[in-house]
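There are two complexes below, and they share chain A, which is joined by chain B in the first and by chain C in the second.
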Partner chain A sequence: MKTNSFQSTLVFLLLVSALSGFLTACGAKNGQEATTKASKIVVGIPQDFDSLDPHIAQASGTEEIMFNVFTGLTMPSTAGELVPALAEKWEISADSTAYTFYLRKGVKFHNGSNLSAADVKYSYDRLCGKIPGEEKALKSTFANVVKEVEVLNDSTVKIVLKSRNAKFLSDTYIGIIPKDSGPSQASNPVGTGPYKFVDYTAGVGMNLAKFADYYEKGLPKLDQVEIKIFADLNAGVLALSNREIQFMQIVYDTIAQIPKGDFVIEQYPMNTVQLMGINNNFKPFQDKRIRQALNYAIDKQQIIAMLAPGAPEVDSNFSPVMAYWYEDLKDYYSRDVEKAKKLLAEAGYPNLSFTIKVPGEYPIHVNAAQIIEQQYKDAGITVKIQVVDWNTWLTEVYAGRNHEATIIGLTGKLDPDNILKRFSSGYSRNFINFNNPRYDQLIKDGEVESNAAKRVEIYKEAQRILTEEAASVFIMDPINYVAVDARMEGFKYYPIYFIDLRYLNYKN
Partner chain B sequence: MKKAFQNRNLLVGSILVCFLLLVTLAGIFYTPYAPNAIDPNALLEGPSIKHWGGTDKLGRDILSRTMVAGQSAFLMGLITVSSSMFTGVFFALLAGYFQGGLGNLIMRFTDAFKSIPSLLFAMMVAAILGRSFASTAFAISMILIPQFVRMTRAVVIKIKENEYIQWTKLVGLGSIRIMFLHILPNVMSTVIITASLAFAEAVLTEAALSYLGLGIQPPDPSWGQMLSQGQSALRVSPWGVLLPGTMITMLVLGFNLLGDGLSELLNARTAKPE
Partner chain C sequence: MGKRIIYSFLTFLLVTIIIFIFFQFIPGDPVLSKIGLEPDPALEAILRAEFGLDRPLPERYLRWLGNLARLDMGTSIRFNQPVNKLIAARLPNTVALAVLSFILVAAAGIPLGILAAKLNDTKAGTLFNAITQIGIAIPAFFFAMILIIIVSIKLKLVPVTAYVPMSKGFFPFLRGMLLPAIAVSFSGISITVRYVRNSIIEELESNYVLAAKNKGVKSGDILYKHVLRNAMIPIVTILGMIFVSIVTGSIVIETVFSIPGIGSLLIAAIKTSDLPLTQGICVYISIVVIFAYLLLDIIYMLIDPRIRLKE
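Entry: the complex of A and B
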C-alpha cells in the first residue's frame, strides 16, 4: 500500500500528459478538413453581437461585421472619406441645414423589395424615435439633430436639420432598413448589403450568404461567410494555427504563434489613441506642472518598442492616420526625467504616488501600466496598479470618473468632433474631467462651422490645447494586426471599425 | 524515526517542499535581478548565463520573478491553511461533540458550502471585494474550511466513544474542557495531514485565480499569472511557462506526498478516516 500511492500518482500524471497530447493531435486533424471548402471564409471575432438591429447596436465590434449586411446612404472609404453608397449623390442647402439625397436606382433589399425614399424616411424617423411602438429607438444623437425627413419623390429624400451640424453627414453611414421592418430586425436583420443574414446563435456566431442582387455587380466574391466568436483570444489563435478560421484580428504578442506561410499578417494603424487618462480633479493632478511632469517622465518609444513596434506616437488625443485634421505636436514632451523631478518639486509633490486602474481584459493596457510603473520610478513617482474587470471599468472609471488615472484606448471616428468632444466639460463621458473654457468653445464652434478649412483650424487648436495643458498622457496609436489566410486576396482596411468582406477571395 | 526515513512518500515530499522553501527564502535576500525591472533589450530571451530562466515579454528575469512569486505562494498557503484550520477544527469539535441539533446544523452548512464550485466562489469574492491579496486569501480560506470540518469531525466522533472520554464526563468535567483538552490533542494527527493536503490545494487555487487575473496583481509576480502571460508566447518561448509550471507541480506534488506519508506514519494504528 505504501509504495502504491506514490506509483499511482506518477501513473496518473503520465496518463494526463498522454491524454492531452492525444487531444491536441485530434484538434489539428479536424482543422485541416475545414480548409477544403473554397468559397467560404470563417472569420473569428472577439466578442458577441450586442444587437443585430443596426439602429440599436452600439459596439464597434458589431458594426464592423454588420457593415456587410447593412448599407447606409454613404459609407467610409479606405482613406476615411465619405463616399456615395445608397445615395448616388447629395446636395447641401446654402444654410447647411438641409441635405437632399438622390438614391441609387435598382437597389434591392435582401427580402426582394426595392429601395425607395419611403424606406429612408422610415429608417431616419425610427432613429429619431418617431415610429409609434418603437419610440425608444435608438441611436439617440439623431433625435437631437434631425428635424424632419421629407420624401420628394420615389428616389429623392430631403433631411432637414434643427440647426447647422457639420458632422451630420459623417453619421449617414447608418444602415437603411425596409419600411416597417423595425420590430423584426433584431431577430432577422434585412438590409441592402453584400451579404444577407442566414442564422445567428448567441455566443457562437453567425452565418452570412452572398446576396446575388447586391447593387455593385461582381461583388461580393465569396459565397458564404461564417462568423465565429472567440471570447478567449488564445482559443482564437489556436483555431488559426489549426487553420479552422481564415481571418482574425490578433495582438502583437501572438503573431509568433501564427504559422508562417499559412497566414499573412496585415498591419495598419488603428486610428485609436492609447492614453493614460489622468483625472484632472484628483488633487495633485489639478496642478498643470504635475500633469506636465507625468508627460516628461514617460518614455513612449520604449512602450511602443515593447508592445506595438512601428506604432505612431501621439501627443494629443488624435491619430496621425487622420492626416487631414492632424496637428503635428510630435516631441512636444520628450523624455526628460530631471525636468519632471523639478516640476514635481516645484508643485510640492516630490514623492508623488497614485493608482492606475486598468481593465484586465486588455493585455496591452496592463503591460503598458507595468512599463510606466518602472519608468516613473526613475522620476521618484510611485505607481500602484489596480486591475479591474471591464464592467467595473465602465461603471467606475468611464461613467463614474472614480479613478486617479487609467490606461485605455479611445477609438477613432470619421469626424473629429466625435473624437475631441470627449474632453469637453459638458460631455457625459469626459472621464478625465478636463475642463477648459477655450476648448469647450472650440468644440461648439467646430460643430456648426461649414467652412472646411476653418473647421480644420478649430480642431488643430483643440489638439494643441490638449497637449499644452497636458490634459492626459497620450501614448500611441496602436497597430492593428490581422491574420489573413495566405491563399486569400482583396483585404482592405479602414480607419474605422469595418471588416470589408466584399473583395476577399481565394487566389486562383 | 527510522520508520520516517523508510516512508518514501514522506521522504520525497519533504525533500520537494524543503527545496522550494529554500529557493523562496533565498529570494527574500537575493534575486539575480529586481523582479519587476523591465529591459527593452532582452524581450523573450531563452535561458542564458545572464538570465538562467530566460526573460518574459517585458524583458523581466523569469528566475527572479519565479523566486519572488514563491514567497506569495507560501505566504498565501500559510495564511489560508492556518485560518481555515482554526475555524474548521473549532466547528468540527462542536459538530462532533454535540451530535444532533448543533452538530447537524454545522454539517448541513458545511455540505451546502462544499457544493459551491470553489473557483466560482473565489471569482464571486473577487467581484465583490475587488482583486487583491486579501480578498484572494479570504476566498481560499473559506474554500478550505469544509474539509477540515469533515475530516476532523469524523475522528472526534470516534474518540468521543472512548472510555477515557466517557470517564471525564462522569467526573463532571465541562464540555469545553473535554473538547479542547482531551479530544483536541487526539485529533491533531488528522488535522496535520489535512493541513498538508489543504496547503497544496491553496497553492493550486491561488495559481488558478492568478491565471484568470484575479489573484496577485501585477506588477508583482505569481506563478499562475506568469503561466497565463507565458501562454501567449508559448511557441516562441516555451521557457516562459517552464519554471513557474514546474514550481507549481513540485509544490503540489510535494505537499500531497507529504500528506500521504504523514497519514501512513501517524495513522499506522488506526484506520484512515473516511
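Entry: the complex of A and C
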C-alpha cells in the first residue's frame, strides 16, 4: 500500500505540473501582448453598444465611444461649450429660425468620399424621417424642430426650423454620415471621425483604427484602439490591475485595488446631479413643509465624504461644472434636524415613513439610500429601501412614476433646457411629478429665447424654483474616476459623455 | 424512442409558453430599457412597431412559433440583430467551454476517483476527501476569482481576459478557455471523484470480487477489468447530470471571464427584457439538455448491453 500511495501522489503531481506547464508555455507566448505595443490602447467599458448607427444609438455609453467615429457639425469643448467641427462657422438668421452652416473644406469620410452639403442634408432628413425607404423619424429632437434642410452649394447648408428653438444648436453634434449610407450604418459605421471602424463582436468589443485623412492634422495620436466590454466590473478591475487595459472608468470602492504606480486615477465632476427624487404626488410629499424637512434632515457632506470625496454639493438640479448657467444656491438648506422635526410636526407627520426605490446596478445610489436612512432617523423619519433592477426602475419609477422616492443620477447636457425640462409638468419622464406653472412657463420661454443673457436669467430662476419649492433633495455632482495607464498622456475630460481618444498617447 | 421524441417536443413547447407568459409578469419593458434615461417618443414608437410589441400577446406568440418553424427566431430588441446570428456567434464559445469542462471532469474525476478509492482509509485519502468537500462547497464564481488572482495576477501565466475568438487560432482560443473550464469543472470533478470512489469501494466489497480474489486474480485486474465496468453505470448517470449543470454553471463563469457565450447573452437578454433573444437562447439550451440526455442513454447501452433489452 505504501508504494501504491507513493505512485498515486507521483501521478497527481505529474498531472498538476503538466497542466501548469501548458499554461506557462502559452502564457509566455501571448502574455501581455497588448500593453507592450506602444501605438495601441485598450479601453474597458461596462456595457455593450445599443446600436452602431449614430442616429439610432441612444445610450450615453455608446455615444461616448462613437464620438471618435462620428463627427457632427459642431462638437463639445472640454469647457462644455459648442465649438466648430465639420462646420467651420455658422450664421443664425435674425429671427433665429434658420441656421446656415459653412462646411470645412477637404473633409473625408472613412470610405474615401468627400464631405459635402448633400451628406448633411441626407443625415438631417434621415433623422426627421424624410428619406424614401426610411420614412420614420429617428429622433424627435429633430423631427419636431427641423422644417427643412436646403443645400445652398457644395459646402453650405441651411437648416430651417419650424419655430425659434434656442437649444437646436446644441443638438448639432449628432454624427454626419455619407449620403445613402443609412441602412448599412448599423453593421458598418462610416463617419468622419478620428478613428474608423474595423470590427465589432457583440458582447466582446470593438476595434478602431486611426483614420489617416482626419481633418485635424496630427490627430489622433494612437494607431489602434480596442474597446473591451466588461459586463462584470470586478473582472474589469482585475484586467486593469494586470495592465491589460489602459483606460477604464471605475467606481470609488475599487480605487484601492488599482496598483498605484501603474495607473493615474483621474477625477472630475460628472456634470450629473444625484438626487433623491421625491414623488410630489405622494400624499405626505404634497406638503411643501415635508419636502423642506427632507432637505433639512439630510447631511450631504457626510454622503459626499463617504461615497465621492471632493464631489461638489448641489442644491438644485444643476451642476456647478456648467458655470455659465449655474445659480449658486449653496447652503439654502443646511442640516437642521430640529427645524426638520418642527416642519414635520406642523405638517402633521411627526413620524414620517416612506420607501426609497433604488436601482441595484448603481452602488452609489444604493449606498446613498443607506446613509440617508441613518441620517433621517435623527429627525424621526423612517426610511425603507427597496432595491430594484435597472429595467424595473426604468419602467416602474421613471416611466410609471410608481414610487414614493428614488435615488438616481441625471446626466448633464450641453444645453440647460435638456437638463431642466425634466421637471416641467408636461415632460413624459417628470418622474417626481413636479408641477409648478411658473416653472413650466420658464422652460417654455427658455426654449425660444435667443438673447443669451436673458436665457441665463430664465434658467437661473428655474433652478431657484426647484430649490425653494423643495422639488426634491438634490445631493451632489458625483465624481467620475477614470484609471489611465501612468505611461500615457493627453487625457481630456468633458462635462458630457465623451471619451476623447484623439490626444491620448504614450509618453516618450 | 418515438415516444421520447414526442415528449421532448411537448416539453420544449411548454418551456416556450412558460417563458412567454412569465415575461409578461416580470416588470420591465424592452423598449424603455433600450432608450434609457433620454426618452424619445419617435424612437419609442418606431421600436414598438418594429418588434411587434404593439400586437396582442397570443398573436405575438403564434407569430413567433410560426417563424420558429422556419428556423427564424426573430430580431433581438437589445442588439438590433437577428437572434440566430447572435446565438451562432456565441454558441461555439459556450459549447467549447462546456465540452472542455466536461472533458476535465471525466479526465480528472475518474482517475482521481480510482486513486481516492485506493487511498481509502489512509491519511492521504482523508486529505482527498477534504479537498473534494471544499470543491463541492465552493461557489464556482468565487473559485474563478481566486483562480484569476493566483494564475493571472500573481503568477502572470495567462491574462485576465484571455478569451480569443476561435477565428484567431485554435490554440490561443483553447488557452483562453482553460482557466474558465477549470473554474466550471472544479465542483464537477469533486462530485465525480466522490461518486467514483464510493462506487468502487462498494463494488470491491461485493461477492464476485471476493471470488476473484480467492481465485488469485491480481488486484489490478480485478479493479480495471471487472469492478470499473460495473461501477461505471451510476457514474455515467452522474456525469450526465454534471453536464447539464456545466451548461448552466457556465452562465456565471462566462461573465467573470468576459467570454461572449450564451450565458452572458442570456443575462443581458433578461436584464433588458429582450423576449425574442431570451426565447431563442432557451430554445437552444432546451435542445442541448434534451440532446445530452439522449446521448446519456446511448452511453448506457454501450456500457451495459442489457439496457437495450428494456426498450
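The rule is short, and it goes like this: the second predicted complex is superposed on the first by the 473 of 508 C-alpha atoms of A that agree within 3 Å, B and C clash if a C-alpha of one lies under 4 Å from a C-alpha of the other, contacts with A are read in each partner's own complex, and residues count from 1 in each chain.
In this section, contacts are C-beta pairs under 8 Å (C-beta built on N, C-alpha and C of every residue); 3 or more make two chains touch, one makes a residue touch a chain.
The structure presented is a predicted model; accordingly, all values stated were derived computationally and were not measured.
Legend: residue contacts after superposition of the two complexes on their common chain; A:Ala369 is shown touching chain B, with no touch to chain C. After overlaying the two complexes on the shared chain, residue contacts for A:Asp253 are found with chain B alone; chain C is out of touch. Looking at the superposed arrangement, the partner reaching more residues of chain A, out of chain B and chain C, is C. In the superposition on chain A, A:Gly360 makes contact with chain B only, not with chain C.
Contact with chain B, but none with chain C, is seen for A:Gln386 once the two complexes are overlaid on the shared chain.
Of the two partner chains placed by superposition, A:Glu338 touches none, neither chain B nor chain C. Once chain A of one complex is fitted onto chain A of the other, the partner contacts of A:Ala399 are limited to chain C, with no touch recorded for chain B. Legend: residue contacts after superposition of the two complexes on their common chain; A:Asp48 is shown touching chain C, with no touch to chain B. Common to the chain B-facing and chain C-facing surfaces of chain A are residues 1, 5, 9, 234, 388-389. By the touch rule above, chain B contacts chain A in their complex via residues 7-9, 12, 36-38, 40, 43, 57-59, 127, 130-131, 213, 217-219, 229, 231-236, 253, 256-257, 260, 264. Residue ranges of chain A in contact with chain B, taken from their complex: 1-3, 5-6, 9, 233-234, 237, 251, 253-254, 256-257, 302, 305-306, 360, 363, 366-367, 369-371, 373-374, 385-389. Within the complex formed with chain A, the chain C residues making contact are 27-29, 32-43, 45-46, 78-81, 86, 89-90, 108, 111-112, 115, 118-119, 122, 124, 145, 148-149, 151-153, 156-161, 163, 165, 171-172, 175, 178-179, 255-258, 260, 264-265, 267-268, 271-273.
Listed in rising order, the residues of chain A touching chain C in the complex are 1, 4-5, 8-9, 11-12, 15, 20, 22-24, 26-27, 30-32, 34, 48, 50-51, 56, 58-60, 129, 136-141, 143, 186, 201-204, 228-232, 234-236, 238-239, 241-242, 244, 388-392, 394-396, 398-399, 410-411, 428-429.
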